[in-house]
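We just call them A, B, C and D in the order they show up, numbering each chain from 1.
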Amino acid sequence: MTTPSGGHAENKGANVENGGGRGGDERVPVGVVGTGGMGGMHAMCLHRKVAGAKVVAVSDVDAERAGKVAGDCGGAVVFGDAVEMIRDESVEAVVIASPDPTHAGLVLECLRIGKPVMCEKPLATSPGEALGIVEAEVDLGRRLVQVGFMRRYDPQHVDVKRTVDSGHIGRPVLFKGWHRNQRIPPGTDSEGVIVNSGIHDLDSARWMLGEEIEEVFVRGLNTSGSSGGELDLQLIQLSFSGNCLGIIEVNVDAGFGYEVGVEVVGERGTAYTAPPTGAIVRLQNSYAQNVETDWLERFETAYTVELQNWIESIYRGRPGGPDAWDGYASLVAAEACIASIRSGRPEAVATPERPALYAGEATGVAG
Amino acid sequence: MTTPSGGHAENKGANVENGGGRGGDERVPVGVVGTGGMGGMHAMCLHRKVAGAKVVAVSDVDAERAGKVAGDCGGAVVFGDAVEMIRDESVEAVVIASPDPTHAGLVLECLRIGKPVMCEKPLATSPGEALGIVEAEVDLGRRLVQVGFMRRYDPQHVDVKRTVDSGHIGRPVLFKGWHRNQRIPPGTDSEGVIVNSGIHDLDSARWMLGEEIEEVFVRGLNTSGSSGGELDLQLIQLSFSGNCLGIIEVNVDAGFGYEVGVEVVGERGTAYTAPPTGAIVRLQNSYAQNVETDWLERFETAYTVELQNWIESIYRGRPGGPDAWDGYASLVAAEACIASIRSGRPEAVATPERPALYAGEATGVAG
Amino acid sequence: MTTPSGGHAENKGANVENGGGRGGDERVPVGVVGTGGMGGMHAMCLHRKVAGAKVVAVSDVDAERAGKVAGDCGGAVVFGDAVEMIRDESVEAVVIASPDPTHAGLVLECLRIGKPVMCEKPLATSPGEALGIVEAEVDLGRRLVQVGFMRRYDPQHVDVKRTVDSGHIGRPVLFKGWHRNQRIPPGTDSEGVIVNSGIHDLDSARWMLGEEIEEVFVRGLNTSGSSGGELDLQLIQLSFSGNCLGIIEVNVDAGFGYEVGVEVVGERGTAYTAPPTGAIVRLQNSYAQNVETDWLERFETAYTVELQNWIESIYRGRPGGPDAWDGYASLVAAEACIASIRSGRPEAVATPERPALYAGEATGVAG
Amino acid sequence: MTTPSGGHAENKGANVENGGGRGGDERVPVGVVGTGGMGGMHAMCLHRKVAGAKVVAVSDVDAERAGKVAGDCGGAVVFGDAVEMIRDESVEAVVIASPDPTHAGLVLECLRIGKPVMCEKPLATSPGEALGIVEAEVDLGRRLVQVGFMRRYDPQHVDVKRTVDSGHIGRPVLFKGWHRNQRIPPGTDSEGVIVNSGIHDLDSARWMLGEEIEEVFVRGLNTSGSSGGELDLQLIQLSFSGNCLGIIEVNVDAGFGYEVGVEVVGERGTAYTAPPTGAIVRLQNSYAQNVETDWLERFETAYTVELQNWIESIYRGRPGGPDAWDGYASLVAAEACIASIRSGRPEAVATPERPALYAGEATGVAG
């Protein structure tokens, strides 16, 4: 039997349209920008766990670590310049995991030449920059950008979202999120806590409730005793369009490990992520499970599914997952949080109307 | 940068030796025997989630369902005859998921022509048949057979095994396993409960304790009220070499869902698989999580990692995971369980000496 | 052997001083004001589960239900007038469980004649009224008032408090409380939600952190769809003296049952109340535990220990547990919450200096 | 209102019949035999937590510790001779917590003079001795003996039992029990493990399933490495009348703490005791709860409810809880376990017909 009628192959046309010439069974050739912790992880994940992808190129200003990642991925070509790599005709899709300030420019380059791009959060360093990406995509008339809000692919988050969407708990009315890192990275200030860490939670809240944030109120503490006095523990209270509330604990110096969880309270019930799933160990008068030490460990599955789904969306020619609008809206909310830290008062979040391009699927359950 | 120094490519020699001519970056062409529930699942998993594999052929006596699976996998070739497919030069590695009585013969065919094979459990329908495979491999002088004891790749089981191996709980002295299916498949008799279901638990006990079973005592009940009176609930008490004990509940008509768990008690502590990991939902005076309905759902991740590791072991040229000896030893213990059901008494398990070929790694943590 | 050297008897002097003439082994004769749900429960608890107490009198305007409770308690005397009962010389200690507006006046009567009193929350209906009680006690120079914040006796809350006090999790920096009732009682308005329900959480936060509340910010929703539009879901953000934060969910129409929990985040770790403790039941693809339907069921043990400790404190002549100051300070914070609901802004909480009478033990772990 | 119509008083007649002359509101005067760990705990529990009891006498050969307990209980009289105390007319009900070999004789003395007695397990040191008590009670024609199987009063066990009795999980078909002590007491041999520890589990299994044990098979290990080689870990497989099975792990040198749990598997579902209920603490990459160190801590509530219900049963004149038959039947099963240890084979349990006196209530849910 030789009729290749299903799966990847059926979207061959879309692929031709996107990048040209690749057969239905061929792997998508991907270029990865940045080969540090996140970029290296994405590259290895594409190489070892994503069936339809092939890492053909990596770029980094650090040639040595780029070379190592390229080798580990079975011999990708190394570029010193990200734009050159993005433009290279061997590359059909791009993953961006370089430093934050480079994100917006590289994403715009991908849009300019019509290549699908999966960009790590934050999409940009300001709402204005992100709005530029949204406008470019709207002009293009199709979505090519996915933002790396990987929690949308975490099985435990997905299960909560499915429960919410099932209607069993009634209309969702309250989002509760907690986000704890073991140690604050050196040099992070109060605003960095929002833009680098809290932005995940702002997106998570928007996704879980399916509403935009309308007001934020932030109170914070310095718990590490550091001289900078940065607010490493922040409590962000949210009001949403559609008559919902939210509360987020961002705690980037929690000491005991890494932990992320959410609860969504509905009018009839509530749903939340389960406690740890590792082996239960009883030793020395204790009943214990391990807590992960960082996000790479905690969200290993989420990162894999994120990339699997992204590659599938390229085969299907139908973008999915968190999009440029999500990247933009989360930055608008983050900016309001920063304003609230400065003013000590609740601050309104001025999110414009969502363009029609981003209606529907994009905020639904991933995959 | 173009130095393909790492990952799959470094074992190119081994691959050439195993199957000839395939470059380091090429996917392993796999043929899948059987396209029913298990076979179809394995084929789709290889196609969508295993980076280094390519399903090039499937075989089944049912051409229609084979054709559907072939199409879903991007256009594999369909064979009506499994042996013909195994021998086809397009196929370099084989997955066997056809009915149990065919397993041993097809595995021997793979051994005869030197192709790596991942065979669903049970490896054979009798210890004698399985011993034939062990002897053939020993004659060959290298391991090509992996048996589908997927629990060894389940993150929760792996975490318990790691805890045991860490030494924290002291010498392991007691294995406790529970294995519950929603409904007994029609036509299953008391012996089939052992050979089809309990065999997983017998392997799990051997793996967790790192010891062979020396005595079994089985008591059972018919709880379904079926006219056949088959023992759908069996309680298997085990004694091991190395002074350990074990108890297994095999309950194939439990009614409420599918569930598998293990606990290993050590001299200083105990470790066990965690409760369900899905969203916690509070509704109508209840605090609840879903229980999976079958093994495909419960062990989805395990099946994926099993195949990823199998493909990696082919690239590396170093077999891993449960091997022919594990397939054989579990059948020897199963046979003793059946004898105990018949006699109503404890029965000795006569496992011969393990050949040197199977020393070491094979009973360690997978991956 | 006849040396009554321990336990109750050693505080005989204190008892004589408090009420006169009662021997060390005699039970404390208690009068209970109010024989509705709470009052009846307290009376029966004293009768059946508190070894050193004897319910000698009850009072209620409803003679019939008072008579029933009196009979169930082994034949207590029934009074129609609470003040008359409080003054009766047969009564040495008083429990107040009558409607909220009567609390302050009856407590003052107890203070006037020097009888220990356990008053249900709230201590009064306004901070001013409660301050009057505090001032009367300060004038008296000794503490006779205990307030019915029973969570301080709940084993799960006590275990969290002990963990905090142990120092293991470092300085406590964040309190998180959730408080869910199945249905809002008819006639409750937004302010009643604070004064009747949220007041427990305000006390709990003060107790857990050992600090006073300095600022509150409240956002709320009507989730029941009732015509009154009362805010049955309130999210209260707190700032504390001593550089701590807090967040409370008060959700009095949660639909699914009754639930109260707390988490205290410290600088090095976090501690929280465990999930339900009832039998785990697996049925129909579900893993479930029951959720209690109301506070009487959830806090049955806490109510018992509360009264046992209160009676013990009378024997010992050393008051313990939540005191008049706690009753007052919680009302001051509640008033600020109501102001925040009205203003839509954060509001400062103006708690005066704590009198020396209330230093120390009173805010420690009960019992 | 002065009509003492309810509660304790309504059974005044029964009390008069049992002991004579005590009014409905008076506390039951109790004598406690043995003032070691268990006896002292029972005495203090009666004194502080059981509303209707008064410890009037204690007896012990160790006058000093007896004197201390008597003092702590508010001045009980101390006896050096247990029989003298039992016969003393100031004592109306007896708790026996002296060494095991004294139990049967003291219980028979209570029966002889018609006083209710709560005897710690085991009821006797042999089935024959226990049968003598059963026969004496049958001759007397009424039940005066309760046996200290306190698990029947543990809230978590009671919740499992209620679930079983509700019928929701279908007919119970399998009992699973685990019982772990931190360290084996010096001088305990393999048989002592059964008679002192396992006897609780044998009673628990009988109670949960409502059936008698018909066959046992025991395998054991020495895990402590002690020179005596006693089997400190025993795995007891059970077959019951009524077509049920059971498995018990008795592990008296588990090292990590004290733990008791049960699961009852029914034809449609399963129910089991919940994990620890103490505060969850996250520290140093761990999610942990404390495990109790001994039975006094783990079963504190159960011991209290046991005595509260025992005193209530005296007021009511209707015995409840585990009775002499339960004490006897558990010893018969224990004897068979010992025989199985010796023979290495399954052994039949020859329990005679249950006398009519013990029909019904006694094996139901306590309280």
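The rule is simple: contacts are C-beta pairs under 8 Å (C-beta built on N, C-alpha and C of every residue); 3 or more make two chains touch, one makes a residue touch a chain.
This is a predicted model, so every value here is computed, not measured.
Greatest Cα centroid separation from chain C: this falls to B. Should one ask which of B-C and A-B has more C-beta pairs in contact, the pair is A-B.
Distance between chain centres (mean CA atoms), chain A to chain B: 35 Å. Mean C-alpha position of chain A lies 45 Å from that of chain C.
Separation between the centroids of chain B and chain C, computed from CA atoms only, is 57 Å.
Under the contact definition stated at the top, the residues of chain D that touch 2 or more other chains are 255-256, 268-270, 276, 280, 282-284, 289. Across the interface of their complex, chain C is touched by residues 170-171, 173-174, 176, 180, 217, 219-221, 223-224, 233, 235, 237, 239, 243-245, 247, 249, 251, 254-256, 265, 267-270, 344-346 of chain A.
Chain C meets chain B in the complex at residues 255-257, 259, 275-276, 280, 282-293. Of all residues in chain B, those touching chain A in their complex are 1-9, 24-25, 46-54, 63, 66-68, 70-78, 155-156, 159-160, 162-163, 168-169, 268-274, 276-284, 289, 301, 308, 312.
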